[in-house]
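Below you'll find a set of structures to go through.
In what comes next, chain A is part of two complexes: it sits with chain B in the first one and with chain C in the second one.
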Partner chain A sequence: MNEILFYIGAIMIVIGGICDLFGALGLLKFPNFYIRLHAATVGTIGGAVVPLFGVGFLALGSDFLPNKYAIAGASFVTGVIVLLAAPAGAHALAYAAHKAKLVTWEPKVDHLAEVREND
Partner chain B sequence: MSLESQFFLLMKFVIPLYLLAFIIYAIRAFKGPAIVDIILAVDCMSFDIAAFMAILAVYFKSAFLISAAITLALWAYLLDIYIAKHLVSKEVGA
Partner chain C sequence: MRKLIPLAIILITIFALAYYITPKITPQTQVRPLGEFYLENSYFGDYSAKSPEVVTSILWDYRGVDTLFETSVFFLAIIGSLTLFRLNKKQEKEAKQKTEEFSGGLTLVIKSVTKIIVAMILAVSASIALHGHLTPGGGFQGGSALAVAPLLIIAAYSKYALEESGLDKTRALILRSIGLLGIALVALVPLLNDGFIMQNQPVFPAELGGQLVGGSLIYYNFFEFLAVGAGFTAVFLLLAIPESVFKKFLRRVENE
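And now, the complex of A and B:
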(Lines of atoms letter the chains of each structure in order from A and count residues from 1; the text may use other names and numbers.)
(Lines give C-alpha, C1' and ligand atoms only; values in the text may rest on other atoms or scores of the structure.)
Protein backbone atom coordinates (compact mmCIF):
# COMPACT_ATOMS: atom_id res chain seq x y z
CA MET A 1 0.00 0.00 0.00
CA ASN A 2 2.80 2.42 0.88
CA GLU A 3 4.67 1.54 -2.29
CA ILE A 4 1.57 2.14 -4.44
CA LEU A 5 1.06 5.63 -2.97
CA PHE A 6 4.80 6.38 -3.40
CA TYR A 7 4.85 5.36 -7.08
CA ILE A 8 1.62 7.29 -7.86
CA GLY A 9 3.22 10.38 -6.32
CA ALA A 10 6.49 9.88 -8.22
CA ILE A 11 4.67 9.54 -11.56
CA MET A 12 2.67 12.71 -10.84
CA ILE A 13 5.87 14.63 -10.00
CA VAL A 14 7.46 13.54 -13.32
CA ILE A 15 4.31 14.57 -15.24
CA GLY A 16 4.43 17.93 -13.45
CA GLY A 17 8.05 18.53 -14.43
CA ILE A 18 7.37 17.77 -18.11
CA CYS A 19 4.23 19.98 -18.17
CA ASP A 20 6.21 22.75 -16.47
CA LEU A 21 8.95 22.68 -19.14
CA PHE A 22 6.41 22.65 -22.01
CA GLY A 23 4.42 25.48 -20.45
CA ALA A 24 7.60 27.57 -20.11
CA LEU A 25 8.56 26.89 -23.74
CA GLY A 26 5.07 27.91 -24.89
CA LEU A 27 5.20 31.08 -22.81
CA LEU A 28 8.49 31.95 -24.51
CA LYS A 29 7.55 31.09 -28.12
CA PHE A 30 3.87 32.01 -28.58
CA PRO A 31 3.17 35.26 -30.48
CA ASN A 32 0.87 37.38 -28.28
CA PHE A 33 -0.54 37.63 -24.78
CA TYR A 34 -3.91 35.92 -25.31
CA ILE A 35 -2.23 32.84 -26.82
CA ARG A 36 0.36 32.84 -24.04
CA LEU A 37 -2.50 32.43 -21.54
CA HIS A 38 -2.98 28.89 -22.89
CA ALA A 39 0.66 27.99 -22.13
CA ALA A 40 0.30 29.63 -18.72
CA THR A 41 -2.60 27.27 -17.94
CA VAL A 42 -0.42 24.28 -18.88
CA GLY A 43 2.34 25.70 -16.65
CA THR A 44 0.15 26.28 -13.59
CA ILE A 45 -2.41 23.46 -13.57
CA GLY A 46 -0.17 20.81 -15.10
CA GLY A 47 3.05 22.13 -13.60
CA ALA A 48 1.98 23.14 -10.08
CA VAL A 49 -1.27 21.41 -9.08
CA VAL A 50 -0.35 17.92 -10.34
CA PRO A 51 3.11 17.79 -8.60
CA LEU A 52 1.62 19.27 -5.39
CA PHE A 53 -0.91 16.41 -5.18
CA GLY A 54 1.94 14.09 -6.17
CA VAL A 55 4.08 15.34 -3.27
CA GLY A 56 1.10 14.72 -0.98
CA PHE A 57 0.72 11.10 -2.11
CA LEU A 58 4.50 10.55 -2.04
CA ALA A 59 4.81 11.90 1.50
CA LEU A 60 1.89 9.72 2.65
CA GLY A 61 3.49 6.62 1.15
CA SER A 62 7.08 7.27 2.25
CA ASP A 63 8.68 5.62 5.27
CA PHE A 64 11.73 7.92 5.64
CA LEU A 65 10.03 11.24 6.50
CA PRO A 66 9.84 12.24 10.20
CA ASN A 67 6.76 14.50 9.84
CA LYS A 68 5.04 13.16 6.74
CA TYR A 69 1.45 13.98 7.71
CA ALA A 70 2.21 17.72 8.04
CA ILE A 71 3.91 17.79 4.61
CA ALA A 72 1.11 15.77 2.96
CA GLY A 73 -1.72 17.86 4.42
CA ALA A 74 -0.10 21.19 3.57
CA SER A 75 0.65 19.93 0.05
CA PHE A 76 -3.01 19.05 -0.54
CA VAL A 77 -4.13 22.45 0.84
CA THR A 78 -1.65 24.28 -1.41
CA GLY A 79 -2.82 22.24 -4.41
CA VAL A 80 -6.45 23.18 -3.84
CA ILE A 81 -5.49 26.86 -3.37
CA VAL A 82 -3.51 26.93 -6.65
CA LEU A 83 -6.32 25.04 -8.43
CA LEU A 84 -8.79 27.76 -7.42
CA ALA A 85 -6.55 30.85 -7.61
CA ALA A 86 -4.67 30.35 -10.91
CA PRO A 87 -7.68 30.44 -13.31
CA ALA A 88 -9.24 33.37 -11.43
CA GLY A 89 -6.01 35.37 -11.60
CA ALA A 90 -5.42 34.58 -15.29
CA HIS A 91 -9.00 35.57 -16.13
CA ALA A 92 -8.63 38.87 -14.25
CA LEU A 93 -5.40 39.61 -16.14
CA ALA A 94 -7.02 38.84 -19.51
CA TYR A 95 -10.02 41.06 -18.71
CA ALA A 96 -7.73 43.92 -17.61
CA ALA A 97 -5.55 43.63 -20.74
CA HIS A 98 -8.62 43.68 -22.99
CA LYS A 99 -10.21 46.60 -21.14
CA ALA A 100 -7.03 48.73 -21.06
CA LYS A 101 -6.22 47.85 -24.73
CA LEU A 102 -2.62 46.92 -23.91
CA VAL A 103 -2.10 44.14 -26.48
CA THR A 104 -2.05 44.63 -30.27
CA TRP A 105 -3.54 41.63 -32.07
CA GLU A 106 -5.53 40.61 -35.15
CA PRO A 107 -8.76 38.96 -33.92
CA LYS A 108 -11.01 36.81 -36.07
CA VAL A 109 -13.91 37.26 -33.61
CA ASP A 110 -14.11 39.44 -30.48
CA HIS A 111 -17.31 38.60 -28.61
CA LEU A 112 -16.46 40.80 -25.61
CA ALA A 113 -16.21 43.96 -27.76
CA GLU A 114 -19.49 43.07 -29.55
CA VAL A 115 -21.32 42.66 -26.26
CA ARG A 116 -19.91 45.91 -24.90
CA GLU A 117 -20.99 47.88 -27.99
CA ASN A 118 -24.54 46.54 -27.66
CA ASP A 119 -24.83 47.67 -24.04
CA MET B 1 16.51 -0.59 -3.16
CA SER B 2 14.72 1.38 -0.47
CA LEU B 3 12.13 4.07 -1.09
CA GLU B 4 14.53 6.83 0.05
CA SER B 5 17.23 5.96 -2.48
CA GLN B 6 14.55 5.66 -5.20
CA PHE B 7 13.35 9.16 -4.28
CA PHE B 8 16.84 10.67 -4.53
CA LEU B 9 17.34 8.91 -7.89
CA LEU B 10 14.04 10.47 -9.07
CA MET B 11 15.18 13.92 -7.95
CA LYS B 12 18.26 13.70 -10.19
CA PHE B 13 15.91 13.66 -13.20
CA VAL B 14 13.19 16.03 -11.94
CA ILE B 15 15.18 18.96 -10.49
CA PRO B 16 16.89 19.92 -13.82
CA LEU B 17 13.45 20.03 -15.53
CA TYR B 18 12.17 22.51 -12.94
CA LEU B 19 15.33 24.66 -13.01
CA LEU B 20 15.25 24.86 -16.83
CA ALA B 21 11.58 25.88 -16.70
CA PHE B 22 12.39 28.62 -14.15
CA ILE B 23 15.15 30.00 -16.42
CA ILE B 24 12.78 30.14 -19.41
CA TYR B 25 10.07 31.85 -17.33
CA ALA B 26 12.67 34.40 -16.19
CA ILE B 27 13.64 35.13 -19.82
CA ARG B 28 9.98 35.87 -20.65
CA ALA B 29 9.64 37.99 -17.49
CA PHE B 30 12.66 40.12 -18.47
CA LYS B 31 11.77 40.64 -22.16
CA GLY B 32 7.95 40.72 -22.02
CA PRO B 33 6.62 43.50 -24.29
CA ALA B 34 3.54 44.49 -22.24
CA ILE B 35 3.18 44.63 -18.46
CA VAL B 36 0.62 41.79 -18.49
CA ASP B 37 3.24 39.46 -20.02
CA ILE B 38 5.64 40.22 -17.16
CA ILE B 39 2.91 39.67 -14.57
CA LEU B 40 1.82 36.40 -16.23
CA ALA B 41 5.40 35.07 -16.25
CA VAL B 42 5.99 36.05 -12.60
CA ASP B 43 2.63 34.46 -11.71
CA CYS B 44 3.48 31.12 -13.37
CA MET B 45 6.95 31.18 -11.82
CA SER B 46 5.52 31.78 -8.33
CA PHE B 47 3.07 28.87 -8.56
CA ASP B 48 5.81 26.59 -9.86
CA ILE B 49 8.22 27.71 -7.15
CA ALA B 50 5.50 26.78 -4.63
CA ALA B 51 5.35 23.26 -6.13
CA PHE B 52 9.16 23.04 -6.21
CA MET B 53 9.29 24.13 -2.57
CA ALA B 54 6.96 21.23 -1.66
CA ILE B 55 9.37 18.86 -3.44
CA LEU B 56 12.29 20.40 -1.55
CA ALA B 57 10.41 19.91 1.72
CA VAL B 58 10.46 16.16 1.07
CA TYR B 59 14.08 16.36 -0.16
CA PHE B 60 15.36 18.10 2.98
CA LYS B 61 12.87 16.31 5.32
CA SER B 62 11.64 19.64 6.73
CA ALA B 63 8.08 20.83 7.37
CA PHE B 64 8.95 24.56 7.41
CA LEU B 65 9.30 24.98 3.64
CA ILE B 66 5.75 23.82 2.94
CA SER B 67 4.15 26.62 4.97
CA ALA B 68 6.06 29.14 2.83
CA ALA B 69 4.55 27.47 -0.27
CA ILE B 70 0.98 28.31 0.86
CA THR B 71 1.98 31.96 1.42
CA LEU B 72 3.69 32.14 -1.99
CA ALA B 73 0.61 30.78 -3.82
CA LEU B 74 -1.68 33.30 -2.12
CA TRP B 75 0.78 36.14 -2.84
CA ALA B 76 0.80 35.35 -6.57
CA TYR B 77 -3.01 35.50 -6.67
CA LEU B 78 -2.91 38.85 -4.82
CA LEU B 79 -0.42 40.21 -7.39
CA ASP B 80 -2.79 39.27 -10.25
CA ILE B 81 -5.82 40.88 -8.65
CA TYR B 82 -4.02 44.13 -7.74
CA ILE B 83 -2.47 44.58 -11.19
CA ALA B 84 -5.83 43.88 -12.88
CA LYS B 85 -7.58 46.40 -10.62
CA HIS B 86 -4.89 49.00 -11.32
CA LEU B 87 -5.06 48.49 -15.09
CA VAL B 88 -8.85 48.69 -15.23
CA SER B 89 -9.60 51.61 -12.90
CA LYS B 90 -6.18 53.38 -12.62
CA GLU B 91 -6.13 52.93 -8.85
CA VAL B 92 -5.63 50.06 -6.46
CA GLY B 93 -8.14 51.04 -3.78
CA ALA B 94 -8.92 49.13 -0.63
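And now, the complex of A and C:
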Protein backbone atom coordinates (compact mmCIF):
# COMPACT_ATOMS: atom_id res chain seq x y z
CA MET A 1 0.00 0.00 0.00
CA ASN A 2 2.74 2.46 1.00
CA GLU A 3 4.75 1.65 -2.10
CA ILE A 4 1.76 2.26 -4.38
CA LEU A 5 1.16 5.66 -2.76
CA PHE A 6 4.85 6.49 -3.10
CA TYR A 7 4.94 5.66 -6.80
CA ILE A 8 1.66 7.46 -7.54
CA GLY A 9 3.11 10.54 -5.83
CA ALA A 10 6.39 10.33 -7.75
CA ILE A 11 4.55 9.95 -11.07
CA MET A 12 2.35 12.97 -10.26
CA ILE A 13 5.44 15.07 -9.54
CA VAL A 14 6.94 14.06 -12.90
CA ILE A 15 3.64 14.93 -14.63
CA GLY A 16 3.82 18.31 -12.89
CA GLY A 17 7.30 18.93 -14.28
CA ILE A 18 6.16 18.06 -17.81
CA CYS A 19 3.09 20.32 -17.49
CA ASP A 20 5.31 23.18 -16.29
CA LEU A 21 7.62 22.72 -19.29
CA PHE A 22 4.71 22.73 -21.76
CA GLY A 23 3.10 25.66 -19.98
CA ALA A 24 6.32 27.68 -20.28
CA LEU A 25 6.70 26.76 -23.96
CA GLY A 26 3.09 27.72 -24.67
CA LEU A 27 3.43 30.99 -22.78
CA LEU A 28 6.32 31.94 -25.07
CA LYS A 29 4.99 30.60 -28.37
CA PHE A 30 1.19 30.95 -28.43
CA PRO A 31 -0.17 33.76 -30.64
CA ASN A 32 -2.43 35.91 -28.41
CA PHE A 33 -3.27 36.69 -24.81
CA TYR A 34 -6.20 34.28 -24.31
CA ILE A 35 -4.39 31.23 -25.65
CA ARG A 36 -1.31 32.18 -23.64
CA LEU A 37 -3.54 32.37 -20.58
CA HIS A 38 -4.52 28.77 -21.27
CA ALA A 39 -0.84 27.81 -21.25
CA ALA A 40 -0.32 29.67 -17.97
CA THR A 41 -3.23 27.79 -16.40
CA VAL A 42 -1.76 24.49 -17.58
CA GLY A 43 1.33 25.64 -15.69
CA THR A 44 -0.56 26.39 -12.47
CA ILE A 45 -3.02 23.49 -12.38
CA GLY A 46 -0.90 20.81 -14.00
CA GLY A 47 2.37 22.20 -12.75
CA ALA A 48 1.48 23.23 -9.20
CA VAL A 49 -1.68 21.43 -8.04
CA VAL A 50 -0.85 17.99 -9.42
CA PRO A 51 2.70 17.88 -7.96
CA LEU A 52 1.41 19.27 -4.64
CA PHE A 53 -1.03 16.36 -4.39
CA GLY A 54 1.85 14.17 -5.53
CA VAL A 55 4.00 15.39 -2.65
CA GLY A 56 1.11 14.64 -0.31
CA PHE A 57 0.79 11.03 -1.56
CA LEU A 58 4.57 10.61 -1.54
CA ALA A 59 4.80 11.81 2.05
CA LEU A 60 1.96 9.49 3.10
CA GLY A 61 3.65 6.55 1.41
CA SER A 62 7.15 6.99 2.82
CA ASP A 63 8.03 5.44 6.18
CA PHE A 64 11.35 7.26 6.61
CA LEU A 65 9.90 10.79 6.79
CA PRO A 66 9.36 12.35 10.21
CA ASN A 67 6.08 14.35 10.51
CA LYS A 68 4.80 12.80 7.30
CA TYR A 69 1.15 13.56 8.14
CA ALA A 70 1.95 17.24 8.68
CA ILE A 71 3.74 17.43 5.30
CA ALA A 72 0.90 15.57 3.54
CA GLY A 73 -1.81 17.70 5.16
CA ALA A 74 -0.05 20.96 4.36
CA SER A 75 0.48 20.01 0.73
CA PHE A 76 -3.11 18.82 0.26
CA VAL A 77 -4.49 22.05 1.75
CA THR A 78 -2.16 24.19 -0.38
CA GLY A 79 -3.16 22.16 -3.44
CA VAL A 80 -6.87 22.73 -2.80
CA ILE A 81 -6.30 26.47 -2.32
CA VAL A 82 -4.35 26.75 -5.58
CA LEU A 83 -7.02 24.62 -7.28
CA LEU A 84 -9.62 27.19 -6.16
CA ALA A 85 -7.64 30.36 -6.77
CA ALA A 86 -5.87 29.69 -10.08
CA PRO A 87 -8.98 29.23 -12.31
CA ALA A 88 -10.63 32.26 -10.69
CA GLY A 89 -7.50 34.32 -11.36
CA ALA A 90 -7.31 33.20 -14.99
CA HIS A 91 -11.03 33.89 -15.39
CA ALA A 92 -10.59 37.39 -13.94
CA LEU A 93 -7.69 38.14 -16.29
CA ALA A 94 -9.59 36.93 -19.36
CA TYR A 95 -12.74 38.82 -18.33
CA ALA A 96 -10.83 42.05 -17.71
CA ALA A 97 -8.94 41.75 -21.01
CA HIS A 98 -12.20 41.14 -22.89
CA LYS A 99 -13.89 44.06 -21.18
CA ALA A 100 -11.04 46.48 -21.85
CA LYS A 101 -10.84 45.28 -25.49
CA LEU A 102 -7.05 45.39 -25.31
CA VAL A 103 -6.30 42.16 -27.18
CA THR A 104 -6.27 41.98 -30.96
CA TRP A 105 -7.57 38.59 -32.02
CA GLU A 106 -9.78 37.02 -34.66
CA PRO A 107 -12.17 34.68 -32.86
CA LYS A 108 -14.39 32.24 -34.72
CA VAL A 109 -16.93 32.44 -31.84
CA ASP A 110 -17.18 35.11 -29.15
CA HIS A 111 -20.09 34.16 -26.87
CA LEU A 112 -19.32 36.85 -24.28
CA ALA A 113 -19.62 39.62 -26.87
CA GLU A 114 -22.94 38.11 -28.10
CA VAL A 115 -24.31 38.12 -24.55
CA ARG A 116 -23.13 41.73 -24.06
CA GLU A 117 -24.91 42.90 -27.19
CA ASN A 118 -28.15 41.21 -26.14
CA ASP A 119 -28.12 42.98 -22.74
CA MET B 1 25.76 38.63 -28.39
CA ARG B 2 26.27 41.92 -26.58
CA LYS B 3 23.64 40.87 -24.04
CA LEU B 4 25.59 37.71 -23.29
CA ILE B 5 28.78 39.49 -22.19
CA PRO B 6 27.42 40.98 -18.91
CA LEU B 7 25.70 37.67 -18.21
CA ALA B 8 28.98 35.79 -18.67
CA ILE B 9 30.82 38.28 -16.44
CA ILE B 10 28.22 37.94 -13.69
CA LEU B 11 28.29 34.13 -13.90
CA ILE B 12 32.09 34.01 -13.83
CA THR B 13 32.17 36.35 -10.82
CA ILE B 14 29.68 34.23 -8.92
CA PHE B 15 31.55 31.01 -9.65
CA ALA B 16 34.90 32.61 -8.78
CA LEU B 17 33.48 33.79 -5.47
CA ALA B 18 32.02 30.37 -4.77
CA TYR B 19 35.21 28.46 -5.59
CA TYR B 20 38.03 30.69 -4.38
CA ILE B 21 36.72 32.85 -1.57
CA THR B 22 34.15 30.74 0.23
CA PRO B 23 36.56 27.93 1.33
CA LYS B 24 38.90 30.54 2.82
CA ILE B 25 36.24 31.83 5.19
CA THR B 26 36.38 29.53 8.20
CA PRO B 27 32.90 28.34 9.07
CA GLN B 28 31.54 29.07 12.52
CA THR B 29 31.58 25.78 14.39
CA GLN B 30 30.47 27.02 17.80
CA VAL B 31 27.56 29.17 18.91
CA ARG B 32 28.84 32.58 19.96
CA PRO B 33 28.46 33.52 23.64
CA LEU B 34 25.77 36.11 22.84
CA GLY B 35 23.76 33.60 20.80
CA GLU B 36 24.19 31.04 23.55
CA PHE B 37 22.85 33.54 26.07
CA TYR B 38 19.73 34.14 24.00
CA LEU B 39 19.17 30.44 23.33
CA GLU B 40 19.48 29.56 27.01
CA ASN B 41 17.55 32.49 28.44
CA SER B 42 14.71 33.13 26.02
CA TYR B 43 12.49 30.55 27.69
CA PHE B 44 14.23 28.99 30.72
CA GLY B 45 17.07 31.04 32.31
CA ASP B 46 16.97 33.99 34.71
CA TYR B 47 16.30 36.62 32.02
CA SER B 48 13.42 34.70 30.47
CA ALA B 49 11.25 36.37 27.83
CA LYS B 50 8.68 33.56 28.29
CA SER B 51 8.88 32.48 24.67
CA PRO B 52 10.54 29.45 23.09
CA GLU B 53 10.78 31.47 19.85
CA VAL B 54 14.13 33.25 20.26
CA VAL B 55 13.54 35.66 17.37
CA THR B 56 10.32 36.97 18.88
CA SER B 57 11.99 37.24 22.28
CA ILE B 58 14.76 39.37 20.79
CA LEU B 59 12.35 41.44 18.68
CA TRP B 60 9.86 42.35 21.39
CA ASP B 61 11.88 42.01 24.58
CA TYR B 62 15.70 42.10 24.51
CA ARG B 63 15.89 44.49 21.54
CA GLY B 64 12.36 45.84 21.90
CA VAL B 65 13.15 49.54 21.51
CA ASP B 66 14.75 48.79 18.16
CA THR B 67 11.48 47.20 16.98
CA LEU B 68 9.52 50.13 18.38
CA PHE B 69 11.48 52.53 16.17
CA GLU B 70 11.15 50.20 13.17
CA THR B 71 7.39 50.25 13.70
CA SER B 72 7.42 54.04 13.89
CA VAL B 73 9.36 54.22 10.60
CA PHE B 74 6.66 52.09 8.96
CA PHE B 75 3.94 54.33 10.33
CA LEU B 76 5.73 57.46 9.15
CA ALA B 77 5.74 55.91 5.67
CA ILE B 78 1.98 55.23 5.91
CA ILE B 79 1.32 58.75 7.19
CA GLY B 80 3.46 60.16 4.40
CA SER B 81 1.48 58.38 1.71
CA LEU B 82 -1.82 59.39 3.32
CA THR B 83 -0.63 63.02 3.29
CA LEU B 84 0.28 62.81 -0.39
CA PHE B 85 -3.26 61.67 -1.23
CA ARG B 86 -5.03 63.86 1.32
CA LEU B 87 -8.64 64.83 0.62
CA ASN B 88 -10.91 67.25 2.45
CA LYS B 89 -14.25 66.11 3.83
CA LYS B 90 -16.28 67.09 0.79
CA GLN B 91 -13.89 65.33 -1.57
CA GLU B 92 -13.88 62.25 0.63
CA LYS B 93 -17.66 62.07 0.46
CA GLU B 94 -17.50 62.46 -3.29
CA ALA B 95 -14.87 59.73 -3.58
CA LYS B 96 -17.31 57.37 -1.86
CA GLN B 97 -19.99 57.98 -4.51
CA LYS B 98 -20.04 55.31 -7.18
CA THR B 99 -18.92 56.51 -10.57
CA GLU B 100 -21.23 56.14 -13.58
CA GLU B 101 -19.13 53.52 -15.34
CA PHE B 102 -19.05 51.30 -12.24
CA SER B 103 -20.82 48.04 -13.10
CA GLY B 104 -20.74 46.11 -9.82
CA GLY B 105 -17.39 44.41 -9.70
CA LEU B 106 -16.17 41.27 -11.41
CA THR B 107 -18.15 38.11 -12.24
CA LEU B 108 -19.92 35.69 -9.91
CA VAL B 109 -17.13 33.10 -10.21
CA ILE B 110 -14.50 35.51 -8.93
CA LYS B 111 -16.75 36.85 -6.18
CA SER B 112 -17.54 33.39 -4.77
CA VAL B 113 -13.89 32.30 -4.82
CA THR B 114 -12.88 35.60 -3.21
CA LYS B 115 -15.30 34.98 -0.34
CA ILE B 116 -13.67 31.62 0.43
CA ILE B 117 -10.13 32.90 0.04
CA VAL B 118 -10.77 35.99 2.20
CA ALA B 119 -12.06 33.81 5.04
CA MET B 120 -8.96 31.62 4.72
CA ILE B 121 -6.63 34.65 4.68
CA LEU B 122 -8.24 36.07 7.83
CA ALA B 123 -7.77 32.75 9.65
CA VAL B 124 -4.19 32.26 8.48
CA SER B 125 -3.11 35.83 9.24
CA ALA B 126 -4.60 35.67 12.74
CA SER B 127 -2.80 32.37 13.28
CA ILE B 128 0.53 33.83 12.08
CA ALA B 129 0.20 36.82 14.39
CA LEU B 130 -1.16 35.12 17.52
CA HIS B 131 1.27 32.18 17.35
CA GLY B 132 4.17 34.62 16.96
CA HIS B 133 5.64 33.57 20.30
CA LEU B 134 5.65 29.88 19.28
CA THR B 135 6.32 29.70 15.56
CA PRO B 136 8.12 31.86 12.99
CA GLY B 137 6.10 34.91 12.06
CA GLY B 138 4.59 37.56 14.26
CA GLY B 139 2.67 40.80 14.23
CA PHE B 140 4.16 42.40 11.14
CA GLN B 141 3.98 39.28 8.99
CA GLY B 142 0.45 38.52 10.14
CA GLY B 143 -0.62 42.11 9.50
CA SER B 144 0.82 42.05 5.99
CA ALA B 145 -1.11 38.84 5.30
CA LEU B 146 -4.25 40.41 6.75
CA ALA B 147 -3.94 43.39 4.39
CA VAL B 148 -4.27 41.05 1.42
CA ALA B 149 -7.92 40.37 2.36
CA PRO B 150 -9.22 43.95 1.80
CA LEU B 151 -7.03 44.16 -1.31
CA LEU B 152 -8.77 41.08 -2.74
CA ILE B 153 -12.19 42.51 -1.87
CA ILE B 154 -11.25 45.79 -3.58
CA ALA B 155 -10.18 43.89 -6.69
CA ALA B 156 -13.16 41.51 -6.89
CA TYR B 157 -16.03 43.62 -5.53
CA SER B 158 -14.84 47.27 -5.42
CA LYS B 159 -13.77 49.76 -2.81
CA TYR B 160 -17.41 50.81 -2.46
CA ALA B 161 -18.34 47.34 -1.16
CA LEU B 162 -15.67 47.65 1.53
CA GLU B 163 -16.84 51.15 2.47
CA GLU B 164 -20.50 50.17 2.55
CA SER B 165 -19.75 47.30 4.93
CA GLY B 166 -18.18 49.83 7.30
CA LEU B 167 -14.43 49.69 6.67
CA ASP B 168 -13.67 53.13 5.25
CA LYS B 169 -10.44 55.10 5.53
CA THR B 170 -11.36 56.78 8.82
CA ARG B 171 -12.21 53.46 10.48
CA ALA B 172 -8.97 51.93 9.22
CA LEU B 173 -7.01 54.86 10.63
CA ILE B 174 -8.81 54.52 13.97
CA LEU B 175 -7.94 50.79 14.10
CA ARG B 176 -4.35 51.61 13.23
CA SER B 177 -4.20 54.21 16.01
CA ILE B 178 -5.64 51.70 18.50
CA GLY B 179 -2.86 49.31 17.52
CA LEU B 180 -0.15 51.94 17.93
CA LEU B 181 -1.56 53.13 21.26
CA GLY B 182 -1.72 49.52 22.47
CA ILE B 183 1.94 48.95 21.60
CA ALA B 184 2.97 52.18 23.37
CA LEU B 185 0.92 51.40 26.49
CA VAL B 186 2.15 47.81 26.76
CA ALA B 187 5.71 49.09 26.30
CA LEU B 188 5.30 51.54 29.19
CA VAL B 189 3.69 49.12 31.67
CA PRO B 190 7.03 47.55 32.87
CA LEU B 191 8.21 51.01 34.00
CA LEU B 192 5.50 51.01 36.70
CA ASN B 193 6.85 47.70 37.94
CA ASP B 194 10.51 48.75 38.35
CA GLY B 195 11.45 47.14 35.05
CA PHE B 196 12.98 48.49 31.85
CA ILE B 197 10.91 49.73 28.95
CA MET B 198 9.48 46.84 26.85
CA GLN B 199 10.78 44.23 29.31
CA ASN B 200 8.63 41.12 29.65
CA GLN B 201 7.62 41.42 33.28
CA PRO B 202 5.68 38.88 35.38
CA VAL B 203 2.72 41.34 35.42
CA PHE B 204 1.73 39.79 32.12
CA PRO B 205 0.63 36.19 32.60
CA ALA B 206 2.90 33.73 30.79
CA GLU B 207 0.18 31.08 30.64
CA LEU B 208 -3.57 31.39 30.25
CA GLY B 209 -5.62 28.28 30.90
CA GLY B 210 -2.63 26.00 30.38
CA GLN B 211 -1.74 27.65 27.04
CA LEU B 212 1.59 29.45 26.71
CA VAL B 213 0.86 33.06 25.74
CA GLY B 214 4.35 34.47 26.27
CA GLY B 215 3.60 37.36 28.63
CA SER B 216 3.56 40.70 26.85
CA LEU B 217 4.73 39.24 23.52
CA ILE B 218 1.23 38.22 22.48
CA TYR B 219 -0.10 41.73 23.17
CA TYR B 220 2.66 43.29 21.07
CA ASN B 221 2.01 40.81 18.28
CA PHE B 222 -1.74 41.40 18.36
CA PHE B 223 -1.49 45.20 18.36
CA GLU B 224 1.16 45.17 15.63
CA PHE B 225 -1.09 42.83 13.61
CA LEU B 226 -3.99 45.27 13.96
CA ALA B 227 -1.90 48.34 13.22
CA VAL B 228 -0.09 46.97 10.17
CA GLY B 229 -3.23 45.42 8.66
CA ALA B 230 -5.30 48.58 9.14
CA GLY B 231 -2.49 50.87 7.95
CA PHE B 232 -2.09 48.95 4.70
CA THR B 233 -5.90 48.86 4.28
CA ALA B 234 -6.08 52.66 4.55
CA VAL B 235 -3.43 53.07 1.85
CA PHE B 236 -5.12 50.50 -0.42
CA LEU B 237 -8.47 52.30 -0.04
CA LEU B 238 -6.82 55.56 -1.10
CA LEU B 239 -5.08 53.93 -4.04
CA ALA B 240 -8.39 52.37 -5.14
CA ILE B 241 -10.00 55.78 -5.80
CA PRO B 242 -10.61 55.82 -9.58
CA GLU B 243 -8.12 57.92 -11.52
CA SER B 244 -10.86 59.94 -13.21
CA VAL B 245 -12.31 61.00 -9.85
CA PHE B 246 -8.94 61.97 -8.45
CA LYS B 247 -8.07 63.96 -11.60
CA LYS B 248 -11.35 65.84 -11.20
CA PHE B 249 -10.29 66.87 -7.68
CA LEU B 250 -6.89 68.00 -8.92
CA ARG B 251 -8.37 70.06 -11.75
CA ARG B 252 -10.79 71.75 -9.37
CA VAL B 253 -7.92 72.70 -7.05
CA GLU B 254 -6.02 74.17 -10.00
CA ASN B 255 -8.98 76.29 -11.06
CA GLU B 256 -9.53 77.77 -7.61
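The rule is simple: the second predicted complex is superposed on the first by the 119 of 119 C-alpha atoms of A that agree within 3 Å, B and C clash if a C-alpha of one lies under 4 Å from a C-alpha of the other, contacts with A are read in each partner's own complex, and residues count from 1 in each chain.
In this section, a contact is a pair of C-beta atoms (placed from the backbone, for glycine too) under 8 Å apart; a residue touches a chain by one contact, two chains touch by 3 or more.
From a predicted model like this one, the values you see are computed outputs, not experimental measurements.
S.K.: Could you tell me if A:M12 is touching chain B, chain C, both of them or neither one (first, second, both, neither)?
M.R.: A:M12: touches no partner chain.
S.K.: Could you figure out whether chain B or chain C reaches more residues of chain A?
M.R.: Of chain B and chain C, B contacts more residues of chain A.
S.K.: Just chain B (first), just chain C (second), both, or neither: which does A:L60 touch?
M.R.: Neither partner.
S.K.: With the two complexes superposed on chain A, say which partner A:I81 touches: chain B (first), chain C (second), both, or neither.
M.R.: Both: A:I81 reaches chain B and chain C.
S.K.: Between chain B (first) and chain C (second), which does A:Y95 come into contact with in this model arrangement: first, second, both, or neither?
M.R.: Both partners.
S.K.: Take the contacts of chain A with chain B and those with chain C, and give the residues found in both.
M.R.: Dual-contact residues (chain A): 81, 85, 88, 92, 95-96.
S.K.: In the complex of these two chains, what residues of chain C are touching chain A?
M.R.: Residue positions touching the partner: 106-107, 109-110, 113-114, 116-117, 120, 155-156.
S.K.: In the complex formed with chain B, which residues of chain A make contact?
M.R.: 2-3, 6, 10, 13-14, 16-18, 20-21, 23-25, 27-28, 33, 36-37, 40, 43-44, 47-49, 51-52, 55, 58-59, 61-67, 70-71, 74-75, 77-78, 81-82, 85-86, 88-90, 92-93, 95-97, 99-100, 102-103
S.K.: Which positions of chain B touch chain A when the two form their complex?
M.R.: Listed in rising order, the residues are 2-4, 6-7, 10, 13-14, 17-18, 20-22, 24-25, 27-28, 34-37, 39-41, 43-44, 47-48, 50-51, 54-55, 57-58, 61, 63, 66-67, 69-70, 73-74, 76-77, 79-81, 83-85, 87-88.
S.K.: Taking the complex as given, what residues does chain A use to touch chain C?
M.R.: So the residues of chain A touching chain C come out as 81, 84-85, 87-88, 91-92, 95-96.
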